[in-house]
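Several structures are given next for inspection.
After this come two complexes, each holding chain A, first together with chain B and then together with chain C.
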Partner chain A sequence: MPTAFAYESMDTLFLQRTERSPLLEFDFVGRRLRIEGESYPEDAAAFFGPVLKSLESYLSELSVQRPSSPLRLELRMAYFNSSSAKALMNIFQMLESAARQGVPVEVHWYYDPEDETMQEFGEDFSEDLEYARFNLHELEAQPS
Partner chain B sequence: MSSELDPPQAGEAYSLYFQEEAVIRQAETMIGKLDEVSDGVRTLADAYRLGYRETARLVRISDRMQLDLHEANRTLTAQAEDLKRLNGTLRKEIERREQLEQELRRIASVDELTGTHTRRHLLELAEHEQRRSARHGKGLVVLMMDLDHFKRINDRFGHAAGDQLLRDFGALLRSSLRKGDIAGRFGGEEFLAVLPETDLDTAEAIANRLCDRVREGRTQWTGQFLSVTVSIGLAGTDGDEPLDRAISRADQALYEAKSAGRDRVLVARSGPG
Partner chain C sequence: MSMAEDYFRFHQKMVGEGVIFSFVGYLSEGILFSLGEALKQKMRLDATDANVTKRVFAIFVEQVQNIIRYSAERLESDEGRPNELSSGMITVGREEGHFFVVCGNCVLRDEGEALTRRLTALAAMDKDSIKTYYREKLREPAEEGSRGASIGLIEIARRSTRPIEFGLTELSGDRAFFCLKAFI
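Now for the complex of A and B:
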């Protein structure tokens, strides 16, 4: 597995996109989380474990702070396997429970208009969220 | 449900401590039930653990199958792109060959110099016309033409001058015929025309007009005006006669026209046979 360019600071968690793992950028200060690309890491627990951990501690801070502007998660997934789906569902659950505690949360799911599968997955995930707002968007056509 | 605290029934020995005993009995019953509940919770936990392990295993299996599928998909996509590229190249090659074929067909069917049909193409078209005429019982007329003393032009002014004369004659011939008539260069300075659905008199008039125009025509060649005449032999066919027979009769008439002094039209009056 190629070593991904990555760094984590107090403010940001950044994992560069690799062939099998998505780009992941958590801007904790700007309250903007971003996951993009394909996700089928060899060891999904090893890839998503630290991400879930830092998200959890960040969310517990936010639950205390109760910010007025929303926390935004943007997803532009092209492909993911079952383990990554489980990791995404874990993220959604964590965000939903933070939202239930009063943290405003927005999830934005972008999909290629020609990718019916990703559209349906987005619709599917949205059904589990009640307190967090889930928004589906068609990606703009890429200039060829 | 009867209470455990009910007083003893008739026939039962009375105890001063019936209430206390009832409480103990109830407590003991509840302990039994607690055991049942805790057993139940343990069963649930076991079942949940089993289910969760199965789910985790299914996810692992699913990941592995998805990986295979994903890789197969990528290979297919790459192959599809290769195919598309190959198809594009192939299409271009086909287009190129079609253009080439068209060009070859044109070269094979049109005499470059005179703009009339080549001998081979002319005979093909003429055979087709002859079959059509035979089917409809209509006649056609064959014209054999030969430019008079053409060799002298070539000898005196050169082949380029001869070519220019042939070019001019080709233009005259084409403009003298009607739509549907077929004309071609039979070889050297010899030309053949086939006039479908035409009677001999009409064909003779057309041939005479062509003969006149050729005589009156001038070809400009390096400051000089060259002139030439044409001899024409005609043969009509009622449709049943094979084309080569009609051609040889027209050729005979042409020979007679040459013998009679050239620059004229002669009709092979004798019918087929």
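Now for the complex of A and C:
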């Protein structure tokens, strides 16, 4: 498997989309996080581990800063396996706990209206969040 | 019988049982990816409903990853997990208007019995209970040493449109052969 193009600095965490792993772009300064595509990496723990770690330290900084404008997570997933679902749940749990401590958090879950699995996952995850605001959006049809 | 006749019968038997493809032997993550691509392409060409294709693909991925992680017949390199090869079988096919995905591999007998207990509980659940169980497991911290199989099995049961079927047969020593079949 080719290694994903990755870039990490104080400001950004970027992992290019591969055949089996999603695009991941965390703009820490702009407080905008994006995860898009398919996720069934060979080793989900190895893929998501470093991501969860940087998110954790970023969120602990935000909990001190208490920004007034929200942290925004956007997800546009097409498929993920069960180990990736676990990692996504970890991300939501971290965001929920930051939100409980006063960091404004918005989650935006975009799904293809014809994809019943991704719609159902969005609905399920939304029920797990209380302090973080969860928004479900239908993706517009792509012009063919 | 000639070799060609012999293999033709073997081929015809598989086709007759609705097999789209079947793989027996050492599986790796690379093979999972390639077979998965071929499966999606075949189903697209057959104009299969996109949601059905996604269910079949999701079950296929979880089954193959379970073989790779849990087969008792495994070759592991010094470089660790991404290079492991595990022996098993995976078959995707159609019968009576439904797709099926079946996997089989050798396990330690104790592990096989533990698996059977988990699956017996899962097979008895209705759709809503499976969904609730999945969500509970997702919220729990990861089980030590499990590498995620329990949630993978629930995902298989959840995407299957009929109760999952499974079995275990004892082999010599401390081994057993385990198989699991899901229908979509």
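Basically, the second predicted complex is superposed on the first by the 144 of 144 C-alpha atoms of A that agree within 3 Å, B and C clash if a C-alpha of one lies under 4 Å from a C-alpha of the other, contacts with A are read in each partner's own complex, and residues count from 1 in each chain.
Just so we're on the same page, contacts are C-beta pairs under 8 Å (C-beta built on N, C-alpha and C of every residue); 3 or more make two chains touch, one makes a residue touch a chain.
Here the structure is a predicted model, which is why all the values come from computation and not from measurement.
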item	value
Partners on chain A (chain B, chain C) - clash or fit	clash
Partner chain(s) touched by A:S83 [first = chain B, second = chain C, both, neither]	both
Touched partner set for A:D128, first chain B, second chain C, both or neither	second
Which superposed partner A:Y40 touches (first chain B, second chain C, both, neither)	both
Partner chain(s) touched by A:E19 [first = chain B, second = chain C, both, neither]	second
Partner chain in contact with A:Y110 - chain B first, chain C second, else both or neither	neither
Contact breadth on chain A, by residue count: chain C or chain B	C
Doubly contacted residues of chain A, that is, touched by chain B and again by chain C	40, 44, 79, 81-83, 86
Partner chain B, residues of chain A touching it in the complex	40, 44, 79, 81-83, 86
Contact footprint of chain A on chain C as seen in their complex	29-30, 33, 50-51, 54-55, 57-58, 61-62, 65, 81-82, 131, 135, 138-139, 142, 148, 151-152, 154-155, 159
Interface residues, chain B side, partner chain A - complex	58-60, 62-63, 66-67, 70
Residue ranges of chain A in contact with chain C within the complex	1, 19-20, 40, 42-44, 46, 79, 81-83, 85-86, 89, 93, 114-117, 124, 128
